[in-house]
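Chain IDs A, B and C follow the sequence of writing; residue 1 opens each chain.
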Amino acid sequence: MSLSFDVIFVGAGPASLSGALHLKRLTRVIPELKDLSVAVIEKAPNPGDQSFSGATFDPRALEELIPDYLDRMPPFGQKVQREGLSFLTKKHRFPLPFTPPVMSNKGKYLISLSEFVRWLGKIAESEGVEVYHGEAVDELMYDDSGAVNGIIIKGKGLDKDGNKKPNYVEPTPVNAKVVVLGEGSRGHLTKRLIAEKNLDEGVTPQGYAVGLKELWEVREDRFQEGTIYNTMGYPLQLDTFGGSFIYHVKDRLVSIGLVIGLDYCNPQLHPFECLQMLKKHPFVANMLEGGRFIAYGAKTIVEGGWYAMPRAYGDGFLIIGESGGILDAMKLKGIDHVMKSGMLAAETIRDALVAKDVSAAQLKAYEDKIRSSWISRDLKRARNFHQGFHKGIIPGMVHAGFQMFTFGRGLIDRFKVKPDYECMKMMCKSCPSPCGPFRPDGMLTFDKLTCVFGSGTKHEEDQPCHIKIDDISICNGKCKEEYGNPCTRFCPANVFEMIEEEDGVERLHLNPSNCLHCKTCDIKDPYGIVTWVPPEGGGGPNYKGL
Amino acid sequence: MNIIVCIKQVPDTTDVKINPQTNTLERDGVRTIVNPFDLFAIEEALRLKAAHGGKVTIITMGPPQAKCALEEAIAMGADDARLISDRAFAGSDTLATSYILSKTVSSIGSYDLILCGKQAVDGDTAQVGPEMAVHLGIPQVMFVRRIASVDAKDLVVERMTEHGYDRVKAPFPCLISVVKDINTPRPPSFQGRMRAKRMEIPVLSPADIGCEEERIGLDGSPTWVERIFAPHARSGCTAAEGTTENIRDVAEKIEAKLEHIWE
Amino acid sequence: MGIRIIAEKCTGCGACVHACPVEAIRMVEGKAVIDYDLCILCGACVEVCPVDAIEFEQPSKNVAHAEAKGGVWVFCEAVGDKINDVSFELIGEGRKLADGRGVGLTGVLIGQNISGHAETLIQHGADCVRVIDNEGCRYFYDEVYARILADLIEREKPEIVLAGATLMGRAFFPRVAAKLRTGLTADCTALAIDNDGHLVQTRPAFGGNIMANILCPSRRPQMATVRPRVMRPMARDSARKGEIIREDLSADLLVSRVVVEESVEEEGGAGNVAIADIIVSGGGGLGRPENFKLIYELADVLEAAVGGTRTVVDRGWISYPHQVGQTGKTVCPKLYIAVGISGAIQHLVGMQTAETVLAINKDPNATIFRVADYGFVGDLFEIVPKLTEEFKKLKNG
């Protein structure tokens, strides 16, 4: 039996769910499309398990998609009532007197993305979208002309050495007229498709940041519902783009997170330890005192912005959301944008199906719609934001200042940018991170393994390692010397470890079952030899309330 | 062969977190899964069907979201399913649950075999199967580690004993509970998931299965939970020096606690 | 009848939300609200509410105590012509319960060629032993044993009936309970009599992560299977006397639809970490695979199973079936000895319900000491051999 749907969305995040729901609604009223089969395929075992963000949420796309959303009890916290931007040193905090309007989140909802996705997924399913969980998509399928015409679902039941176990299930091909990639930041299918079809011709190399976050339940007297803080400075050095966010969401739950641009150059930077040290800052420590650690998570965020967006359409496919480079780096927001991109994809697909034409020429309309929507207005305004910081915080603030008054043009419009993995300096030219040496106290700060445990991540143990390293001798030789094996530091999940073996030599050892599916390794390894592919479907983090 | 498999949706007890600050267990945010022992039962049923033909029907009693457990079983390859769900069933202990499930089995019609997993990992009682067998008036074999052979009227199985196993023949219809590692359960296939999603799963109420009210829910449950509490909280210790006296002291204390094991 | 939140008392602290195993409670405008479609009436929320804002109405505890005059009964398990140790443990516990209720203690012995054990049971504390010694009971047949016991219970009306939570006990006891339409609690680790004279049955649930006290107030008998090697037998008193009653059976009680074709003995799965009472576990602190020798030696003396952390399994120092922890086995032994184990949370979650934990580590701040009852800081290469010596002396001495 050949399996097929009319349209497949890969990844059940806000972009795909919005797109799929919108598509079902649009086509319901068209006689020849009223029973359109729309599937969303997600590797997490349950809805929302692997959705993760800060987050502040602008409901403008949701208002378009589900005008009566407030009647449907969305899992939102309060609206942001107070916000503060400040600069931290090790012991002190210097608040800025105001938050620049273009970075302001006042009036936006504080939400948990995993809860939001759970809620949105239920609505989508109730309207006929088929959402499948626990299945990873391994590859795209192409017809003879090179058009995308389906996906291949990853098989299950190979052992560590790649042999079939007794309960082995074959990879499953599933056809579709249109495949929409909504894999989130650094989607693995998107990465390959971009390379195969040269979708990034003429655009700036894509850039990313890594975001790590803990969820705490704080004491009643430390909880400031509806308040958000953003900080720069400590624990990051002046040459590193990034900062923290602290959101007081609801029910005494506070998200504390750190975002670090992956164009950082210090190989000794240890993002996880920086997050732990952030908590020791008196301002944060006071907030968390007497509180309860609940959970931890990490993901990468696409930051390249407007100039790094790849071509997002082709014969038989569209790329939406963060996979397509959509995120407002200045506001550190993107849920509303990615939802809108999904909806615009839905409109494009409806027109294509009516015209019975899913070629690139027809699907190009998606890009036109993006460019004439508020997505592009916001992204254009932020188009040079992150890049302005590539020489450090101070120049970055100067650039940002000028960008604010020139709708994003600033002093330099379109910086020359290197891919993140080329930005790392060698060990000999770097200095220790201001965070070290770090010793967790078990009350306020924890070791990485404890936090990994708090992410709920689990995988089938006996399966091939899903993180591919082209040449491990580089890790054990050249990289040790040149960069000091930075993977052991930039991975937020302790997947990479240098372990002294019996002959006294340290070698790289992988713990793939700790993986949080963030893809930092795929982005940042200085030799470009690490490739992340999804493990067997059903594995990965278990984010509740994150 | 008509086989009915009884399953339960349970919290994933291995998913429990420890709060690193207090070393206490936290149960919120735990995933729900199909009871792991039931996966072995479903797999065994599917293998029997593959070898001997017939039909596999899955039943479960639970809140509405227990439907997901049934969908997973269908995605593995089961043919049909029933969800028994109603507020009136809440608070049922094993006696009431076994009564409800046995009424469901009767409402389904004829069957050769009822398969259960050894026990549910939340309740850990292993009682519902045998109690069902009594309500239905059928024989049982428990803790089966292998189904050796099947013919038209009966089957031969190996059931675990303290010292090895018994080879046992049981006539149809009967109830069997299976232990871990009797087989390797197959994961759901994508094809199976599509089938499961598109299937209408009947939801049965007390009236649908002809339950007497006083035998279900709290009313029908002779046992109830008086109190739930955490096991003794560990306070930890200050490690002592490894002197011979200290070691002797600790060894003696431990030996006193455990001597009856070595008798 | 049922459960409800008294909104006026609710302070919105959220403790019930966390305690609910099925996520049936959420906060709506600062007050807890129960979703009755999800609620399984387990009562976990009632326990944690700091302001008693949750009302849990249960059926009244009226019961016809008066009818159940047959005392406390213990099913004494025999396999072949040997009696299982759990029978003595249960007689020991049954003695306490019977004394607490001021009633007699009866052992029930079913099998073939087992009459000789009746005397021994009395010497261990039973007042009376009812013996069913019959060829038809040579093999364990669930239906037969259940029928016989249910028949006896209906006739004699004991108020409490206990059996070991063994393969046999757990197989047929539920059949008895269902026939009698009474309550049965499985795998109890503690038993007691409360102020109203009811049997309080304590058992682990949720994989051992919580304990529950169960009551069966309105039906008799109150039945329970009891975890082996938890209760203590009484010392044998050869002067003790009691009554031995040989029960005659009608043939219809002995009919079994199931037939045992063959009974096979196999080499034990000794050293199975999952069920061992004592486990000695080694971690990365051992340094080299050869050093596991220390662990094996100690385990040998203690008749213990050997475990390992993920670290040592990943390095190939011991095989995966020995792994204890989140991605290995969860164990609940009486004694867990952690050697050279730091106490990563992924390991703790697999062993921290052990009754007694002894840890040896060179780092006084190692997390393992947070869950240990006894601990030694120092060089394990000196401490472990000394410990082995001491235990050897104690066992032989």
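Rule of thumb we're sticking to: a residue touches a chain if its C-beta (ideal position, glycine included) is under 8 Å from a C-beta of that chain, and two chains touch if they have at least 3 such contacts.
Note that the structure is a prediction, hence the values are computed from the model and not measured.
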| item | value |
| --- | --- |
| Nearest-to-centre chain - CA centroid comparison | B |
| Result of counting contacting C-beta pairs for B-C and A-C, higher pair | B-C |
| Chain A and chain B, separation of their C-alpha mean positions in angstrom | 38 |
| Centre distance in Å when chain A and chain C are each reduced to the mean of their C-alpha atoms | 47 |
| Chain B and chain C: spacing of chain centres that average the CA atoms, whole Å | 18 |
| For chain B, residues contacting two or more additional chains | 17-18, 20, 28 |
| Multi-chain contact residues (two or more partners), chain C | 326, 345, 349 |
| Chain A residues counted as touching two or more neighbouring chains | 442, 450, 453, 458 |
| Contact footprint of chain A on chain B as seen in their complex | 15, 17-21, 28-29, 31, 43, 183-191, 193-194, 197 |
| List of chain A residues in touch with chain B within their complex | 1, 3, 45-46, 49, 130, 132, 134-135, 153, 156-157, 165-167, 169, 172, 174, 292-295, 442-443, 446, 450, 453-454, 456, 458, 538, 542, 544-545 |
| Of chain B, residues touching chain C in the complex | 11, 13-14, 16-18, 20, 23, 25-28, 30, 32, 63-65, 87, 90-91, 93-95, 98, 121-131, 133-135, 139-143, 156, 160-171, 174, 218-219, 221-231, 234, 236-242, 244, 246-248, 250-255, 257-258, 260-262 |
| Parts of chain A lying in touch with chain C, wherever the complex brings them together | 251-252, 442, 447, 449-450, 453, 458, 461, 499, 502, 509, 511, 513 |
| Interface residues, chain C side, partner chain B - complex | 1-2, 17-24, 36-44, 47, 58-59, 79, 84, 139-140, 142-143, 146, 166-167, 170-175, 177-179, 181-187, 200, 203-216, 218-219, 229, 232-233, 256-266, 268, 277-278, 303, 326, 330, 334-335, 345, 348-349, 352-353, 355-361, 364, 369-379, 382-383, 386-387, 390-391, 394-395 |
